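Single-structure report; data block below.
Labels A, B and C are assigned to the chains in the order they are written; within every chain, residues are numbered from 1.
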Amino acid sequence: MEIINFDKSSGQLKKDGEYMYSILTELFPYNRSITGDGVRKTFDVLKRELKLLTTTEISSGTKCFDWTAPQEWKVKEAYIIAPDGTKVVDFKEHNLHLVGYSISIDKIVTLDELQEHLHSLPDQPNAIPYITSYYKKYWGFCLSDYQRKDLKDGNYRVYIDSEHFNGTLTYGELVLPGETEQEVFFSTYICHPSMANNELSGPTVLLGLAKWLASIKHRKYTYRFLFIPETIGSIAYLSKNLKNMKKNILLGYNISCVGDDDNYSFIPSRQGNTISDRLLKSILKYETDEFKEYSYLERGSDERQYCSPGVDLPIATFCRSKFCEYPEYHTSLDDLSFVSRKGLATSLLLLKKTVYSFENNYKVVAVNKCEPHLSKYNLYPTISTKKSTETVMDLMNFLAYADGRSILDISEKINLSVLKCIDIFKILQKKNLIASAPSVSEK
Amino acid sequence: MEIINFDKSSGQLKKDGEYMYSILTELFPYNRSITGDGVRKTFDVLKRELKLLTTTEISSGTKCFDWTAPQEWKVKEAYIIAPDGTKVVDFKEHNLHLVGYSISIDKIVTLDELQEHLHSLPDQPNAIPYITSYYKKYWGFCLSDYQRKDLKDGNYRVYIDSEHFNGTLTYGELVLPGETEQEVFFSTYICHPSMANNELSGPTVLLGLAKWLASIKHRKYTYRFLFIPETIGSIAYLSKNLKNMKKNILLGYNISCVGDDDNYSFIPSRQGNTISDRLLKSILKYETDEFKEYSYLERGSDERQYCSPGVDLPIATFCRSKFCEYPEYHTSLDDLSFVSRKGLATSLLLLKKTVYSFENNYKVVAVNKCEPHLSKYNLYPTISTKKSTETVMDLMNFLAYADGRSILDISEKINLSVLKCIDIFKILQKKNLIASAPSVSEK
Amino acid sequence: MEIINFDKSSGQLKKDGEYMYSILTELFPYNRSITGDGVRKTFDVLKRELKLLTTTEISSGTKCFDWTAPQEWKVKEAYIIAPDGTKVVDFKEHNLHLVGYSISIDKIVTLDELQEHLHSLPDQPNAIPYITSYYKKYWGFCLSDYQRKDLKDGNYRVYIDSEHFNGTLTYGELVLPGETEQEVFFSTYICHPSMANNELSGPTVLLGLAKWLASIKHRKYTYRFLFIPETIGSIAYLSKNLKNMKKNILLGYNISCVGDDDNYSFIPSRQGNTISDRLLKSILKYETDEFKEYSYLERGSDERQYCSPGVDLPIATFCRSKFCEYPEYHTSLDDLSFVSRKGLATSLLLLKKTVYSFENNYKVVAVNKCEPHLSKYNLYPTISTKKSTETVMDLMNFLAYADGRSILDISEKINLSVLKCIDIFKILQKKNLIASAPSVSEK
């Protein structure tokens, strides 16, 4: 991949942020779930932006390892009418009001009976929680705890007009071919209703990344982007594609909660020291002010499937505020104000740097035995004083470990960012001081 | 081994404590040494309790690697008569009064001459020290420093009627056969006179363990218990049995000082990361409030022989207050009040848990690729909220590492006690979600 | 190598210190550079002291890997005459006044023009800095910042009568053959003008070491000492001798800045865990009060060449105050008062201990299975009490790890100095309790 100067990208950052935030805003209202028209509408927008994106439909009932693709779920209306005749809760107003996959109901219930089917968060009294019951028949409503406390005694009408039927589960896939079939893989999910960081930040940042990669002329690797319903989607995809994935994927990330501009987070793959782990950690170390490294024991998204025994793909998870760890998670407070243009854009920049580093992660060997005579190459200051030796030290350190290692290996060894190591590599390559092996295919 | 709920064992604990303490009390008065009738009387009691226990006699002079089985030692009488005619020190009153293996003497000596053969502890003036001179001809008496300071000038009669003769060295052995010849090995020593923690706690706790194991129907492993004089006993036994021991022993512990109810201690084997080390450390970590891990450089009991170069058995040492580390060690203060029913019983419980864990330490593999659909198996809460996911996390973590590892491996990886991991294993096994390899035979 | 009691060497220390300091004083005034007569005069002195030392001349222009042996440089006169006619800077007064490899000049310049060619240190206003320009044509003078600030406006005459011509580059080499061709290698440099710690301490300490080794009858290893101009010298030597060096060198050190009596320093080889690294670290740990371990990233002397990729010799660097790390480094303050007889002598002692330890670093195996019966060998105290067991513990620990490891391995394992381990080894060997493999040839 050609040299990219990421530091000169503040205009690009702004443009990227505006673009991703506008798409996120457009997608926000749809009532996504693990199946259904909310997902399809989401793909309509994504396909409009990414012509190469294709969708696949998996029929309800299809076996996927230990799982079965679920029935489709469609909601027409859902509300609660109070004793005084007012609609106190209405799915039309916020699609979090309805428990995901609720069955139909039309019934008069007492307040006590109703309470059994209500969900609120006493600790976050202004938030509507996000609740689902995919695999057990149930109906229920979610509302703020303030609103719940206001409910008066009396008879309530609960009305849900929903349908469960044999349909399909939809996922999207985009492939950008490279010089080799070996792949860089990205996965994100599109199964949550109106929440911004978890989940729309994932699809919009990958949209930005895919558009950027599509614009690049020479890609060494093939890039695959997956937009799936969480858990069942990755399991379904793995059940169909595991063999090829194990053959081709060299580097992979699950992308989730990348729209806020708080700290960065990293969940390693199960094996924990794959190149995906090492590279992302290195990028986070040198390109962010601070990041938090979680343990695989704190996983919670599709890395659970991608890294499971026998699957064992080199896939780590990248977040800003990690799922489950921020108070707005899985509530109505995870809204358009919780994410930002800057958060989306800086997450995208970090992924661009990761991809760029991987594309350039050559195995390198110094051409000469002993140090080269740097002053011959205009790489050494003329007058040797106490301090001038330090200025070429990064370059000398790079050469000192250029013994067949990859650039990432050297970066880890000499405590210098991969991006700076790539800069040095390109300088040395131009001076014929370094030889590089064909593309790295570490797993 | 069938499932055991160790938490419901407080009645058992009490019963075990009473039983072991009563045997310990019965054995306390005998004048044990590395040979002789004190040892044989000890075995009479142990054989009464454990019908399968057998004893072996090794003739004095038998070569055992670099050592030779010593002559037998028998004491009829030993005392000191003061200038005023009173018996100031008498072996009959406390068998620690006589230096072990003292030769016969009958002589009038001045107080100054006598002092050369007296041993006391100025820092513990009320304690009689325990001293031996197995391999160099010597005579001497031990007494409290208070008593020693009271001795008046004048002539003393020192009288020791002892005998050294070619006899035998006795050790005891108990084998409980299992489904396989592969062994779990326990060793303790029976060569110290009237001291309670070091040493009678070892034999009585192993007596309790052997009786418990004998009562269990299906033992996967063969269990071997050795009751030997320290050092010369293990060397003698190793010199006869090394080949079979190296072939069969998978797990082994030297048991010493396990009768007080203070902190737990652990001395690793020489290699330091055998399954014996890892399993006992794991049990100590999760089943005790606190324990101290020593280095092999702080060893001091028969692990010195079992782990020596060329022997290298996977044998670690388990203590409460470690030998050499508590002030009462090797003095008359290590008496019946220093050990307790509770101390003996909790040590036994810990060994039961260790054995149970080893019997169940299967290598396990998840049956499905990807996570199983837990709600199908009634293993998953229906309503998914922020917190409900945490409750099944232990089970999911277990499955996440069920890739052919042993249960102990998983326990170490997911930071969950082996006993809890075994519980999870049994649940998953019942649901056919996990396959287990035939018994683990890690060394 | 026969047993040496280094503790009884205070007379030797004094003698060594006097000797090395007197040679250092004699060598101090010469105007050494990477080539030329200053170097040759230095070798005249060294050859007088070491009859076996030979010198080699490499012609200017000879290719040495990526480098070329430089032209020779000779200075007749160099000074600056102030507007008032006084000689304000004169090479005759201090050879640091002239920038190394300055070209000839004879010119009237203004003070402003002169300033472009002056070098001083504002932070160390009384020091003349040491500056060179080996590979770019340049002229310049160095002076104290005090003196520089005193220069008045006006016209200055700058006069340098120097010559660059095709000549030779000189290095010295000394080989002391041993029983085997396998080598212990020492390297130091002789290319700096009048500075004491960096550099004359290195050649004088190696002179002391070589004289001591020459006086020893049985040397297991061959010893090679190299006295070279830094960088170009090691590169030139490597370009001619790499194959044999890789074949023969088992242990090696670059010696630099070893004349002050401050703290000790250690720079590991690039690979970082060679026997050269481990042994010197062990000696520094047990034989000095304190030492500082640097990273290979903080290297700066000929280890840069000896450890470069494809060369990879097991060569670490030993210093007192490390180059670049003390304020007097590369200035006129690094003079005869900065080094001391004691500093030189204690550095030499440390190298003697290192050599002695390597000569005795046998691989050892306990002769007996289980512990030997120490009292048979008069190695065990007769009366066993709580504390007497501790006194033989070092010996027992040594035996506990005598399973084919080297003495250095054991030293690291049991936390006992190599020298003490060698003492124990010699005792055990005499008692036939230990077998030793032929000399260690670890790399």
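Just so we're on the same page, a contact is a pair of C-beta atoms (placed from the backbone, for glycine too) under 8 Å apart; a residue touches a chain by one contact, two chains touch by 3 or more.
Nothing here was measured: the structure is a model prediction, and the numbers come from that model.
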Q) Linking chains that touch, what shape results: line, ring, star, complete or other? A) complete
Q: Between subunit B and subunit C, two touching copies, which fits better, same or different residues at the interface, with half of the numbers shared as the threshold?
A: different
Q | Centre-to-centre distance between subunit C and subunit B (centres being mean Cα positions), rounded to whole Å | A | 55
Q. So which stretches of subunit A touch two or more other chains?
A. none
(Q) Going by the contact rule set out above, which residues of subunit A touch subunit B in the complex? (A) 65-68, 99, 119, 129, 131-136, 138, 140, 231, 234-235, 238-239, 242, 270, 296-297, 299-300, 304-305, 307-312, 324, 329-330
Q.
If we count contacts the way the header does, which residues on subunit B are in touch with subunit A in the complex?
A. 365-366, 368-373, 375-376, 382-386, 389, 393, 396-397, 399-404, 414-415
